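Note that chain A is present in both complexes that follow, paired respectively with chain B and with chain C.
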Partner chain A sequence: MLVWSRAGRILAWTAAALVFAIVYGLPIGVIALASFSGQWNDVLPSHLTLVHYANALRGDSAEQAQVSIVTGFAASAAALICGSWAALALRNLARLPKRALDVLFFVPSAVPSVSVGLALLVAFSQPPVLLNGTRAIVLIAHFVLISAFTYGNVSAGLARLPPEYEQVAESLGARPFYRLRRVILPLVAPYLIAAFSLSFALSMGELGATVMIYPPGWVTLPVGIFSLSDRGSIFDASALTMILAISTLIVLVGLSRISSKASVR
Partner chain B sequence: MTDLSVASSPASPRLPNDVWAAPPLLVLAALFFYPLSLILRQALFGDEGAFTLSHFGEVVGSPLFLDGLHHTLVIAVSATAGCLLLGFILSLVIAFVPFPGARLVGRLIDTFIALPTFLVALAFTFIYGSSGLLNESLMRLLHLPLPPIDFLYSQWGVILSEVTVYTPFVMRPLLAAFSLIEASQIEVASSLGASPLRIIGQIILPAALPALIAGGSLCLLLTVNEFGIVLFIGAKDVITLPLLIYDKAIQEFDYTTACVIAVVNVALSLGLYSLYRLAVAHFAGSRAGLV
Partner chain C sequence: MATPVPSHLLRSDIATAGEARSALSTAAAPSLADRRVRGIGFKDVTVAYGGLVVLDALTLEVRSGEIVALIGPSGSGKTTALRAVAGFVRPTRGRITIGDRDVTNIAPYARNIGMVVQNYALFPHMRAEENVAFGLRARGASQAVLRERVAESLRLVGMEAYAKRYPRELSGGQQQRVAIARALAIRPQVLLLDEPLSALDAQIRRSMLDELAKLHRELPSLTVLYVTHDQTEALTLADHIGIMRDGKLIAFGASRSLYRHPPNRFSAEFLGRANLLPVTSVQPIGRGLAEVRFGEAVLAATNPHGLPQGADCLLCVRPHDLRLRQGEGGHNALAGIVESVQWQGEANSIVLDVEGHRLRLTCAPLGEPPEPGTPLALAFDPHVVTLVPETSGD
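Moving on to the complex of A and B:
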C-alpha cells in the first residue's frame, strides 16, 4: 500500500481509471460502435445497423476469415512441433553451444516482418525453389515469424521443470522416448498450449510479411481489413476487425481453459 | 547421472545430443537464414551479379532513406519513452494502490498484446481523425468551422498509437518486478514518514530498473519494426523504414533498393535485440548473484 489516505487512494484510482478508459477502453469501444453504425457524420452514429456484419459473413470477407484461421492453425502447429523439438534438443546440450543456438532460434522474432516477407520473396522467386505466388509462402512466413515465440515459451516451461522427475523416471528404467511421452510432455503441456495460442494470435494479426507475399487467392483477414479501410469502407473494416479480435480471443480463452485444466492434473 | 541408469537396456547406439538439434536448425536455416542472406546478396550485387557498393551508397545517401531512418528513430524513441512512463504509472497503481479487480485489469491489458496492432490505428481515425469523435464534438461545442485537432496524420499519431499498443510489453515485466518488492519495506518507509514520491524514488524505482530496461529495449525493438500502424494511419510524410521497404518492393518493384533498406533495418533490429538480450542477461546474472 503506497497511498494511505482514503482521498489519496480514490484520487489515484480515478486518475488510473480515466487513463485506462481513454487509452484502452475508448479505442475498443469506438471500433465496436463503428462496426454497428450506419452513418457517422455527427458526434455519434445516426443509426445502428448489422449490415457490416452481414457483409463480413459473406463473399470475400468470409473467405478471408477462413484463410486466416487455416493459416493460423497450420503455421502454429508447425511452429509448435519445430519449437518444442528445438527446446527439447537444446535442454541437454553443454552451456556454450546451448546459448549460441538459443540466440539463433530467437533471432526471427527480432527481424522486422516486412524484411522477412521481402527475404522470402527474393529467395523463393528464383531457383532452386519457386514458391512465389503460392499459399505455401504465406505459411512459411507465418511459421518463421512465430517460431521464436513458440520456442521461447516451451523452453521457459522446460527450464521451470524440476530435473528430478526425469531422473527418477530414468532410474526406474524408462527409456528416453517413454520419458518424453509420459513425463516431460504432460508436465510442460500448459506451456505447449500457451505457446500454441500465442502463435495463433500472432498469426491471425500478422500483416507486414503477408502483405509482401500473399497470392491473389489467399488473402488473410488483416490484408482484407487494410484494403477495405484503404478503399474507405471503414465501417466494414471495423466489423471485420471486431470479428478478428473476438475470434482470436475466443481461441485464447478456450485454450487457456484447457491449459489450466492440464496444469491442475 | 546417466551412468546410474543401469536398467536402461540393450546397448543401442545412442545418438549424441547435438544431433537432435539439427532438424529444427535445418528448417530455420532453409526458411529464414538462407532467404535473409539473399537480401544481403541482392543489396550488394543487384540484378547484374557483380559486386558493387554503388546501390548501397546511392540508397543510403538518398534523402528518402535518411528521412525514413530519421522518422523511424524519432518514432521508436518517443513511443518507447511514452510506454515506459504510462506503463510505470499504471503498474504502480495496480501493484501498490490495489483495488478489487486490479489483477483482472492487469490481465485485460495483457490480452491487448494478442490483438492486431492496426486495431488501434483504425480506432484512432474514428477518435482523433479530422471528422472523428473528438473533432466533431469540439467543432459543435465551440462552433468551429475546421477540425481543431490535427495530429493524427503526423508522426504524433503514429507515436500515440504505438504507446497504446506497446505499453503492455512494459507492464508485464514491471508487474513481475513489483510483486517481488516486500510490502513491509514500503510500510516501514511510509510509517517512518517517507512520502509516496520518496518511496517511489528510493525503493520502487531502483527495484524496477531492470524491468524498465528490459521492457524498454523490447519496446524499442518492436517500435522500430512496426509496420501495421504506420500503414493504417497512412500519413503521407511519415515514412518509416519498414514502410519504405514495402513501397519500394511492392509498389515500385525495385527489389535492390528494398533489399538495401532491409539490410539496414535488419542490422538496426539485431543491434537493438542484442542490447535487449544483454540487458536481460546482465540483470538476471546480478540478481542470481544477490540471492
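Moving on to the complex of A and C:
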C-alpha cells in the first residue's frame, strides 16, 4: 500500500469506488433497471415489471441465447486448439521468424470486426467456396476474431514455463506427445482456461462482423439486441442484454473456478 | 538417506526408451559388466551458438562409478558440457558417448540419463511419488515395477513419509531429494547434476552435500557428472575435477592432486584461495623438491610439473599451510607486515604484505590477534607447497 495514513487510505478507496461506480456500475445499473421497467419517463422508472423477461423467454430470444452460446463454445474451442497448437509450434522458432508469425497471428485483432465481416462476405460469396448464408461463416468470423487472443494467452503461458520442466521430463524418457500431455498442458492449464474464457466472452459480445454475415435461423443475442434497440424496444433489449451478461458470467465463473483449481496445484 | 540401497536399484543396462520398456518389465539381477559401460566420453566436443564458441574442443572421460565435477566461473561452458550429454545442445563438432554408445545424435529421451537441476523442476501438479514415477510411466513400466522403484527411490533419499505431498508442501531440501529420487528411479546410466545445491541455504546445502556423498557411497557404481561453481562441493564430492574457463577445459585431475598441485595460475586461484608468489631460479634439490628464490629468501617447494632451472614460476601456498613462527630466519621463512585481521569464528584470517605481495594466512583463533602494522614471521612445510607454471592455462 502506497498510502500510509488511515485518512488517506479511506480517501483513496472512496475515490476508486466512485470512479468504478460511474464507469462500470452506472451503465450496468441503468440497463438492469431498464430491463425491469414498465415505463421510464422520470429519473427512475414509474413501475417495475417482469414482462420483458417473459418476452425474452417466450420469443426468439431463448433461441438466440442458445445460438450465441453454441457459437461461443465452438469458435472458442476451435481457437483454443489452433491458438495453442500455433503457440506450441512457434515457441522454439528463432526470434525473427517467430516475430513475423506473431504479427500474422495478431492481425485479425488489429482489424475492425466490420472489416473482417466484409472480407469474409466478399471472399466466400463466390465459388469455389460458397459459405455466404451458412452458419459456418459466422463460426469462421468468430474464430478469426478471437484466435489472436487465444494465441497470445497461450504464448504468454508457455513463455513463463521454465524450460527445465520439459527438459527434465525428456531426460526421464518422456517422448514429445507424453511430455505435452503430462507436463506442458497441465502446467499451462490456467492459461488455456483463461484463453478460452476470454475467447468465449469476446464471441458472446461480437456484433460488428456477425451482423454482416449472419444467416436466417442463426441469429446471435447481440444481433437480436441490436435489432430490438433499432426498433425502439429498449426495455426488451435491456432484458436480453442482462440475459447475455448473466449467461456469459455463469460460464466465466465456472471456468475461473476450474482455473483456480489448476493454479493452486 | 539412511537406508541401505538394494544393489539392483541402480543397475542399468537400459540403452533406449524402447529397451527400457522390456528391461523395466523384469527386475533382473545386477551384472558386473554394467560397470564397464556407464562412463561418459567427450571427444573433441565443440558447441557454438551462431559462430560464438561456448564449448571448445572438450575431450574428457568420466569413468564408470566416478563423480567428476566441472567447475568454473559463469560462462565457462560447464553447463553447456552437461547439457550436451543430456542432449539439450547439439555439438557442432565431436562425439559424446555414454558407456559404449555414441549418443551425439540421439534424442534426449532415449539417452537413459538422470538429471537434477538447480531449481529442482518438480512437476507442481504431481505429488512426490508421482514425480518419482514419471520416468517409469513414460517408459511404460509395469505397475509392480513402478511401485517397487518409487518406494525404493523415496526410501533411498529418506522421503518415503512425504510421498503424498505436492512439491509446494515440501522445503527446498526435500524437493531436491525428491528430484534426486526421480532421477534415480529410472536407473540411469549416468546422473547429471547441474548446480543441484545452489538454490539451498548454506546450512541445508552442507547437509545435502553430506547426503550426496553418502548416496554415492551407497551407490558406488553410479557415474555422476556434477556441475557447480562451488569449489567446496567439488572437493567434497568429486573423484576428479575439471576446471573450465572460456569454454575450455584448462585443468583436469584427481581432486586432491589438483588442489595440491594446480597446473596453472587460474586453477590455483579458482580451486581454493591460493597465495601465489613469483619466484625464480628453480634448482632441483632431490625428493621432488626444488629450490627457488623469492627476493632475498631461498625457499623450497615441490616441483610436480618438472619446471626447468631458470623458469619463471609461481609458488602456490594455501592460506592454511602458512604458520606463524617465533623469531626470524630459518628454512622456508618469510617476513611480512600485518595489513588486516579478520575473525571468522572458527579461524582467524590474516592478510600480510610480504615484499609487496599480499599473502593470506588462516589459523586457529588467536588469543591476541596481531594489530595491523605488526611484523610477523611465517614458515611453511616445503612438501605442501607447489610450484606452478606462470601460465593462465590457455
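In this section, the second predicted complex is superposed on the first by the 247 of 265 C-alpha atoms of A that agree within 3 Å, B and C clash if a C-alpha of one lies under 4 Å from a C-alpha of the other, contacts with A are read in each partner's own complex, and residues count from 1 in each chain.
Here is the rule we go by: a residue touches a chain if its C-beta (ideal position, glycine included) is under 8 Å from a C-beta of that chain, and two chains touch if they have at least 3 such contacts.
Computed from a predicted structure; not experimentally measured.
> Between chain B (first) and chain C (second), which, if any, makes contact with A:S259: first, second, both or neither?
Once the two structures are laid over each other on A, A:S259 reaches no partner at all.
> Contact-wise, after the overlay, does A:A86 reach chain B, chain C, both or neither (first, second, both, neither)?
It touches chain B, and chain C stays clear.
> Going by the contact rule set out at the top, does A:T220 touch chain B (first), chain C (second), both, or neither?
In the superposed model, A:T220 contacts neither chain B nor chain C.
> Would you check which partner chain A:S35 touches, where first means chain B only, second means chain C only, and both and neither mean what they say?
Touch status of A:S35: no partner.
> Going by the contact rule set out at the top, does A:S76 touch chain B (first), chain C (second), both, or neither?
neither
> By residue count, which of the two partners contacts chain A more extensively, chain B or chain C?
Higher number of touched chain A residues: B.
> Report for A:R175: first if it touches chain B alone, second if chain C alone, otherwise both or neither.
In the superposed model, A:R175 contacts both chain B and chain C.
> Where does A:Q167 make contact in the superposed view: on chain B (first), on chain C (second), on both, or on neither?
Both partners, chain B and chain C.
> A:S203 contacts which: chain B (first), chain C (second), both, neither?
In the superposition, A:S203 contacts neither chain B nor chain C.
> By the touch definition at the top of the document, which applies to A:S61: first (chain B), second (chain C), both, or neither?
neither
> Do chain B and chain C land on any of the same chain A residues, and which?
167, 170-173, 175
> Could you list, by residue number, the parts of chain C that touch chain A in their complex?
17, 20, 86-88, 107-115, 117, 119, 121, 123-125, 134-135, 137-139, 166, 179, 182-183, 186, 192
> Which part of chain A faces chain C closely enough to touch in the complex?
Those residues of chain A that touch chain C are 162, 164-165, 167-175, 178, 182-183, 186-187, 262, 265.
> Going by the contact rule set out above, which residues of chain A touch chain B in the complex?
On the chain A side, the touching residues are 1-4, 8-9, 12-13, 15-16, 19-20, 23-24, 26-28, 30-31, 33-34, 40-43, 82-83, 85-86, 88-90, 92-93, 97, 101, 103-108, 110-116, 118-124, 140, 143-144, 147, 167, 170-173, 175, 198, 201-202, 204-205, 207-208, 211-212, 222, 225-226, 229-230, 234, 237-238, 241, 244-245, 248-249, 252.
> Would you tell me which residues of chain B are touching chain A in their complex?
1-2, 4-5, 7-9, 17-18, 20-21, 23-25, 27-28, 31-32, 34-36, 38-39, 42, 86, 89-90, 92-94, 96-99, 105, 108-109, 111-112, 114-120, 122-127, 131, 133, 136-137, 140, 163-164, 167, 183, 186-187, 190, 196, 199-200, 221, 224-225, 227-228, 231-232, 234, 241-243, 245-246, 249-250, 255, 258-259, 262, 265-266, 269-270, 272-273, 277
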